[in-house]
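Each in structure tokens, the structures are laid out below.
Shared between the two complexes below is chain A, which pairs with chain B and chain C, respectively.
So, the complex of A and B:
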């Protein structure tokens, strides 16, 4: 009896941890069903491509947010950062590809430096990243005051790539989730990151520098932010620094929907992918349902709250 | 990972005149200590004697101000602070474990033993190593390397922590800080068996524990730390518990004849008004538990750890089921003070008064003068070091515990629930708190007290001994003794007889 109980316990714990992602997945399935009942073309390859493509940059940005949340930090600058990347890819990357590529690498390095500063100066990440978000916004406006420009050929063709047989947007979503999973959940670097979010004292006693962990996390977040911006630019075909400003809070919601926590310590790349797609699909469902565009934000918020409430309820039941 | 130590008898780690000062407190005032290969050295001393600081210095986590630390005869306390390489063969298992709760067991092993694991396939190597060592040290541990630490019980976490410390390619000195506080007797016995095999292979073991009897039964030598210096070093052979307590300068907490008389009276007084009652409570972890708490009574819940005592406290705290009746208000003192006890950002005063605040307030407005008076009263009564305005985390563990206990008693609650609150607390603090409990009970308060330390139960009026979710014995007054409790909590047939 007690043996049976003991073997049942870990699976219960695992259920509790995956419950948020499962709730999001259920919400996702419901939304796709609703979409399909209104517009049966949604379930075709072309339809899914159309519906999912808008979620790709959001999901990748959400993975960046998760990297930071796994060390216990939060990134309030990711939206403008993604916007800045679209600006760079629509201007410098076209005129001088080498300089553009260097600029993008420089942006990743800037994230790493930001992480180091946050650690060394003991600034709350909330404040430092909020400050940085204005820097990204200012830089973006400086380079391209009004939305415009055009993305390089290769990026545009990437955005319009339509393979036969499966919806193209699934590929980046799954590949990025897999890479982030391997990095944060399977590798030693991931252990360092999650260890920092979980118990920095233990990390220090073991002779691992928390600074390194934080810089790794910020570098990963910066790289994913650049990737997200490139994907966004490939879809919109131009640069606009404020095109992704809603991402900042949406990514946080996506991480929470996927089972992440504000306190750090956990990495849930697959959950984040599901949560991000769920969030991205909400607006699609609402336009199919003919909800007034003025009302969309409010309804979107209510749906997010409902899914979060579902997460809490399931968590209580499984305790 | 095998443990090839140096030859037996030669000193592994030596402290020479080590001093350490934090601000105005002198934690270490010239410690001379020698740990030799192949021996178990017991280190005793009450909280604040400098044990943890000494451990941190010996484990190379901190540099000392004056004096020197020698590892294998080589001085390693350079001006730039201790270097990790010099202390690689010195490992320490912490009392408040140094595990990351969100990581799996195997990942925690990587964090602390990564330099002995391969770069590729470290996960499998760490899993194999930790599984093998756990089987060796704690048969029947029930831990798998893939479990997250947060899902493990307190005892299992302690096992993983000790295993973590022991997993290294070369182990010269293993420091065990209160290793058995959360462990059951079986696990403690198998741990000490393993300690014996370690020392036979030439490893030195430094054992710190408040359980003096345990230290005496395991250690070869005992060192007594008092006010930041080693005041006595004796061979454990032939040394008694009383001798050690005397060397520590402690007053032994034995209830006076008066207390005993009070306890007898309480046991007889079946006609006291009942404050709380459980009638045949059955549920997860509980099977037909019936118990009764009278006004002004101290009721103990004893037995091995995890036999249903905490479930009873939980029932009394949230009396939602039909089979539980509780009259009046309750206050709860948690055992895991780091996780559910202190409010780390608040001061001592705020931590202390938070429960009583509502009772003191008038029409929802706080009354600072009354609050301050109440806090001052408690700080003085329990002699909380640091005073009311200190940050709670600046206090030592024992003093933090005093604040948490005072918080419950400062409220107007009629029933106080204690969830093993005195784990790892020094003798002086315990004596103060025992006296407090008796005083409060004399004023009509009821206390339900779960303790893993059977000796503490002597301060109760009535003790229910638990085994596998059942009450197997009810002891009253003079029947309450450590030997008796141990006897009923182990002997199954005995326990069932006394239940009938």
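So, the complex of A and C:
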């Protein structure tokens, strides 16, 4: 009995963490059901590939956002960062692969430096990442002023890869979520990141440097941002620095839908994957439902608000 | 008690997640027969075609007119039994290529027979267009060129646009005097083409001096600010060569208390009526690309589905409103409606013939009533 109690107490906290993701999962299931009832082909391999492929870069970018939100920061530059990566992969990565790869690694390093700066100079992450977003935008415009270029052969073939019997986009979504899960929830590094978000003083008392934790979180975010940009470039077949500007706020919404918190301390990679796919599917549902084109943006916003409201209600009930 | 309340939702949570996964899993399972469906419906030529239109941006009057014209023509075609149904989707947001890619993908799910695209980006839609072609969908891209070998492109000539914006105006001011050149969206490929043409034409008028070059972005409000900024530093201006931003430019001159020179107006009702009511009879013209291209693209798609031979690249005439036609157009247009050629299937085919033989472009009649 005592063992049951002991296991039940943390599970309540755990449940409170997972409940929002469950709300999103229910919303996702409802949307897929609606899609399937309108167009049964949505449930075929080809249909799922079409529906899910557009959400892949968003989901990966949302994992990057989650890495930062787990330490209590918010990244307002991720959209332009992803756009910059598409530009690099459409230009330098094609002409000289080595230089391109180095540039991408340099971009990850830039994120690490940004994290260190934020920590050492005590700049609010909102301001620093907002500033960085203009740097990404400027660099992208400098490299490629007008959208264009072409992606490397291997990246293009990755984008058009269609295995039989399995919707290809599901693979990156699940693999990235698994890796992020292992990193943030099953490793010492993850504990340090979440510790920084929930209780930095305790982290310091435990003899761990908060600076390292923050730099790790930013490095993870940078690496995921690069991955997201590569996936986006594989789908659009070119570079456009402003192609992902909507991601900045969409990723925040995806993290919140998935059970993350603005105050840090929680890492919910599976929830974020569900939240991101849910957000991506909204426009598919609306298109299938024949919602009047001028109304689509508004209806999209209302659906997101409804799911968020569901999350808040569930959170209240569980408190 | 505490244990029970905590455990139940957790179980519900796992159940819901499993349900979601199950839905996905059944999807994987049913792949084979769905593929079969696709093949049969693609091959079935007995039923009427389903036409889909994807538009990258809906936030300006030109695009609104373009969609309205298409919807009117498609509804009529549906009544006439030419098509089974049609569907229009506009990508939300500010001309975002990623949004449009996602929307085209969800459109492809509904298996249209033909897909018309007004693209938000000259490159980013390439892979998804290839995907559509591979699925056996006829793709017609209009309004802007795109680098996708399998798509048919229908567009207006930007060289014609720049020529019609400059030539009648320069003739109107008597081939001499000072002009301001208002450039469009600097950095875009069509603008580069238009600016080159403008420079070439100006080279043919040695008595015309370019007093200033501003960036008007083909937008009345932006052009108004840009022109106002240089007005005090230039001598008497006889004309402003722009790309459909004349209403704003005229306002700038009126604000500065100067007489309105010859300008290139927008082709919408508001600008044409302003032009008419203020009796600006000095060689001004109105010229813009044709929102009726969406309708022409519809006819092209139908001809392609019928297996007719249509060239991959079609150039359609631009809308030029000269002073003699101004009042007719002004009477036919609502303030925010842009002048569009009323393409019918016959007119479309005549124009295709003209393109094939290199003959004179077809001149469709000016519509008489609004709508």
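Convention: the second predicted complex is superposed on the first by the 303 of 319 C-alpha atoms of A that agree within 3 Å, B and C clash if a C-alpha of one lies under 4 Å from a C-alpha of the other, contacts with A are read in each partner's own complex, and residues count from 1 in each chain.
In the analysis below, contacts are C-beta pairs under 8 Å (C-beta built on N, C-alpha and C of every residue); 3 or more make two chains touch, one makes a residue touch a chain.
None of the values given here were measured: they were computed from a predicted structure.
Colleague: Which partner chains sit in contact with A:210 here, chain B, chain C, both or neither? Use first/second/both/neither.
Modeller: Neither partner.
Colleague: Just to be sure I read the superposition right, which of the two partners does A:315 touch: chain B = first, chain C = second, or both, or neither?
Modeller: It touches nothing on chain B or chain C.
Colleague: With both complexes superposed on chain A, which partner does A:198 reach: first (chain B), second (chain C), both or neither?
Modeller: A:198 contacts chain B only, not chain C.
Colleague: In this superposition, which partner touches a larger number of chain A residues, chain B or chain C?
Modeller: On the superposition, C touches more of the residues of chain A.
Colleague: Determine, under the contact definition given at the top, whether A:188 touches first (chain B), second (chain C), both, or neither.
Modeller: first
Colleague: Would you sort A:53 into first (chain B), second (chain C), both or neither based on which partner it touches?
Modeller: second
Colleague: With both complexes superposed on chain A, which partner does A:265 reach: first (chain B), second (chain C), both or neither?
Modeller: It touches chain B, and chain C stays clear.
Colleague: Which partner chains sit in contact with A:159 here, chain B, chain C, both or neither? Use first/second/both/neither.
Modeller: second
Colleague: Taking the touch rule as given, give the residues of chain C at its contact with chain A in the complex, in rising order.
Modeller: Within the complex, chain C contacts chain A at residues 2-3, 6-7, 9-10, 12-13, 16-17, 19-20, 23-24, 26-28, 30-31, 34-35, 37-38, 55, 58, 67, 87-90, 92-93, 96-99, 101-103, 105-111, 121-128, 130-131, 187-189.
Colleague: Help me check something: in the complex, which residues belonging to chain A touch chain B?
Modeller: Answer in residue numbers: 6, 9-10, 13, 186, 188, 191-192, 194-195, 197-199, 201-203, 205-208, 264-266.
Colleague: List the residues on chain B that touch chain A in their complex, please.
Modeller: Within the complex, chain B touches chain A at residues 61, 84, 94, 98-103, 107-108, 110-112, 114, 119, 122-123, 142, 144, 146-148, 151.
Colleague: Going by the contact rule set out above, which residues of chain A touch chain C in the complex?
Modeller: 4-5, 8, 11-12, 14-15, 18-19, 21-22, 25-26, 28-29, 32-33, 36, 39-48, 50-51, 53-55, 57, 145-150, 156, 159-160, 164-167, 170, 232, 235-238, 240, 242-246, 274, 280, 283-284, 287-288, 290, 293-294, 296-297, 300, 318
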